[in-house]
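Structure, as structure tokens:
Think of it as A, B and C in the order they're written, each chain with its own count starting at 1.
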Amino acid sequence: MTETNTATGDRTLGRRIWRARWAYLFVLVPAVLFLVFELYPFIRATGYSVSSWTIRGPGEFVGLENYAAIFRDRIFWKALMNTIAYAVIVVGGSVGLSLVLSAAMYPLATRAKSFFKMAFYLPAVASIVVVALVWRWMYQPAFGLFNHLAAIIGIGPFGFLTDTSQSLASIMLMQIFSNPTIGIGASVILVLAAMNSIPTHLYEAAMLDGAGTVARFRRITVPLLRPTVVFLVIIGTVEAFREFTAIYLMTSSSSGQALSGGGPFYSTTTLAYYTYVQAFLARQVGVASAAAMVLLAIVFVVAVIQFRRFNTEIEY
Amino acid sequence: MPRILAYVIVGSMAIASLMPLYWMFTTSLKDQAAYMAQPPEMLPGDPTLANFGQLFANPNMLRWIFNSAFVALSVTGLNLVFATLAGYAFAKMSFPGRRWMFWIYLATMMVPFQVTIFALFQLMVTIGWVNTYWALIIPAMALPYNVFLMRQFMHTLPNEILDAGRIDGCSEIQLVRRVVVPMSTNGLAVVGIFTFITTWNNFLWPLVILNTEEMRTLPIALSTFQSTNETDYGLLMAGGVLMAIPMFMIFFAFQRYFLQGVTFGGLKG
Amino acid sequence: MRRRTLRLLIAGLIPATIALGAVTGPVAAQDPQTIRMWTWSQWNGVTGLEPDGQPLDWWRAAVDAWAAEHPGVTVEIEDLNGQDLDINAKYDTAVAAGNIADLIWVDESYFSKYASADVLAPIDAYLTEEDRADFLAKNLELSAADGKQWFWPYITQGNHLAINVDLFRAAGAEDLLPKAPDYTWTWDEFVAAAKAVTSPEAFGVGFSTDGAYTMAEAWGDHLYAQGDESKVTINTQNTVDAFEALIGLTKDGTAFPGSGTGAVDLATNFLQGRIAMINSWGIINDIEKLPEGERFDAMLVPFPSGPNGEPLVWGGVHGLAVTKQPSAEREALVMDLAHYLTSFEALKDVRAWSKPARHSIIAAQEADESYLFRDFLPMFEAYTNVAIPLMGQGPNAVPVLIKYEPLVEAMFTGDLPPAEALALFEADANMILGAP
């Protein structure tokens, strides 16, 4: 490699950049926003996670002490388990349910299909704040709607949000129906769109080969839906890992001292909620940042694995 | 597959899905004694608009509606512009650094907000944006999720048409305006509606960054209805209906595009 | 189609332009004669009687009255109107960023964090002899630390029992309720009353998590020994007995289902006559707001005393603290404003349920025969007398309490027996406090 070559290379690169000036202009705003509002706070947060915290801001460097502190904290582990359970069940439940629903809806008349899509999507359109509070109210153990209905069919009463073994499940159920991103509403729309884009000649060919309904679904529909499903799983996982609003609204006390969210007894404390409590209630911003970094690491690993699979899908 | 069975399965799920909304609408038309009645009134026996009257008796109500609408419209408009441009650049233009820029960008989509919220808050304090519209609008004006959606969508546009445009002497910005945007109505509708809904319903960031009554957005204002001693569900549900109405209107106006959804190709570029 | 697209683009670009203008716009300079104030409205309207009163009305009126005497000074009021802990997050961030307001709303549980961090200016020099005699002694005691007074008391707080007397009347059990003048009762009297009023339509009692642990302290042992917050002292057999008695009420159907957990909705059910007694920081304004025919007679009383304890209320005081000022003149000016806002002069006409911090204001309300809440004033004074600052006053009060609440919940959900939950809490808390 000679000096001349490098110089030529630079000139070529320079020219290539100049030729692509429109492209840089197009990505300029997102890039600046990324630097200022994502990367910079992220770097600061990394700094917080290795600092002590005083009332006047970050204190001295403490190395990995904050990380050690969360790993010693049994509530952190509880939150981690809750988060994993929440992500797996909400995402799995929602995607699974939307596949079943889409398959059932696919052969229906267009009008019926539109109506059902709307029925599933409308809860996602309404504010999660209100939807969460409606559910909280329907879940009230005494005089709540669900226990009233349960009594009619002769079961219950259930504790729902006031029972440690039911509280997280209660929130999951609400999310599967109502979450704007990971609920069945958005999923059904995306899955059906993907089903519609599958070329009919593939089915015709399979039918000529004598494949039945189930075989066609398994051999054609499922593989061709994979990009959509993987997309839903990635977005859903990311969303599930940052879930905060519904937990905050459905579990924190309304009697004036809002200290007890994420309960009862930590049963609905997810990593995101744990981070919130550490940062804004316990004022342990260093510890909160460390927990957030762990959260990020998990999301990142999950996403990379999923993206890998996504990336190998064949375009159609 | 027997069609009746399909209707039964899907229909019962649809009822379950719509029930909370039904409960919200009917509760908003009940007074306290009615919505607390035992057994629960499935139909409001004596419907009243008193809750809505009380809602608008609050002199800040119109301001809250304005705040929410202004922020949501601004964020949506800005996202449509920037997600289209960036999505197009990432999908159809070649430039040095495209690959790694896109991957870093995608990675930020993975960063849970809890990681950066505190530092972002400190940044807002430093630049004096606490309790301002800018704090709600500027950081959200090109959401990675939207750029990603648009990029996926534009990926499916045929290159031949774009090349034909280039041969005709279109500059890239003209190409975007005359060819790409008209061909991307579905994608734009999805991005627009997703963004509007997300911003309109946004909770955690406004909760942290806003601190005066006049600056509140509707979700924050509504959540304070239950943070005092009593939860006035009638009032709260009336607020919920009020929040949902513009959403439903947008949904029905654009459902033609929206219910078609978007499909996803691979990530290879 | 193209036109619509263009319109869309324009719709997006207009706010973008405004935004850019704002980013590059000039930053307003701090006016030295501007006082910034962060407060928390406690009632709507100036007196609390106006039908269309708004949260900041009283504050605006009071500040205007003061400003008329101080030409050239402007006061910016910001209403926090939130939960204590949201306020804390805001203050902490503001302190870290160096832009805390001149006058801030504080309470007995967290002022010391800012006092010890050198954020606040002590008010002793501005407190007159009349003030010292007029403020409820408890309020002065709770706003002091290190021998200094740190804020101007504004309202007297209490987490107490609220009782629906009509339900007891209907059950023929009115004489089981506590009596004037001190309205105290024992645990056994309380349980007898609760069971007597329990019916298929109504539960005898309902309590939130904070209600549960406040009631447990009326059995005699406290989160901290008085005046010593170096270690928690709640883990005793006495407290275990207290929680077991409370859990007993949830098991035998006397207590509202979900009592002791955060997700329970007490207030609405109380207002609709579904629960006869609940713990509350203040519900009587809501009772008065009920439509004719749903309103009921109510009582406000301390929590019942356990076998080894005394009747008590989780009490506190909220008020205005002055932050460190750049000059002595300015400090005097801000102190004068704070003094005025907490004075008899400014508050004497308030007729909301205002929980006054001064004897003179209580007397003025008592003397007004048309005062809607007049009957409650003797109860207010009675429960205020037995109030304790339950969560402590040190900088670790909140971190310790957020460990306590989930463990109290665990007892009521049956996840942990009280003895085990208390032992776990003691270990957690003492680690935070650095105690052995």
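One rule holds for everything that comes next: a residue touches a chain if its C-beta (ideal position, glycine included) is under 8 Å from a C-beta of that chain, and two chains touch if they have at least 3 such contacts.
Predicted model, so just to flag it, every value in this text is computed and none were measured.
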| task | Between A-C and B-C, name the chain pair that shares the greater number of C-beta pairs in contact. | result | A-C
| remark: Per mean C-alpha coordinates, the chain lying farthest from subunit A is C
| field | subunit A and subunit B: spacing of chain centres that average the CA atoms, whole Å | value | 15
| field | Between subunit C and subunit B, distance of the C-alpha-averaged centres to the nearest whole Å | value | 36
| query | Residues of subunit B touching 2+ other chains? | reply | 36, 122, 138, 141, 208, 227, 229, 231, 233
| request: Going through subunit A residue by residue, note those that touch at least 2 other chains and give them in order. | output: 57, 137, 143, 254-256, 258, 280
| said: Where in subunit C do residues touch two or more of the other chains? | reply: 83, 86, 89, 96-97, 265, 267, 269, 274, 280-281
| query | In their complex, what parts of subunit A are in touch with subunit C? | reply | 55-57, 136-137, 139-143, 157, 159-164, 167, 250-267, 277, 280-284
| For the complex, which residues does subunit C have touching subunit B? | 1-2, 5-6, 8-9, 11-16, 19, 22-23, 27, 52, 54-56, 78-83, 86, 89-90, 93-94, 96-97, 99, 265, 267-269, 271-272, 274, 280-283, 286, 290-291, 294
| field | subunit B residues within the subunit C interface of the complex | value | 31-33, 36, 57, 59, 70, 73-74, 76-81, 121-122, 125-126, 128, 134, 137-138, 141, 177-178, 181-182, 185, 188, 207-208, 211-213, 224, 227, 229-233
| task | Report the residues of subunit C in contact with subunit A in the complex, numbered from low to high. | result | 83-86, 88-89, 92, 95-97, 113-114, 117, 119, 159, 203, 208-211, 256-258, 261-267, 269, 274, 279-281, 398-399, 401-402, 405-407, 409-410, 412-413, 415-416
| For the subunit B and subunit A complex, residues of the former touching the latter | 1, 3, 5-7, 9-11, 13-14, 16-18, 20-21, 23-24, 27, 36, 38-40, 82, 85-86, 88-90, 93-96, 98, 101, 104-120, 122-123, 138-139, 141-142, 144-145, 147, 171-173, 176, 197-198, 200-201, 203-204, 208, 218-219, 222-223, 226-229, 231, 233, 236-237, 239-240, 243-244, 247-248, 251, 255, 258-268
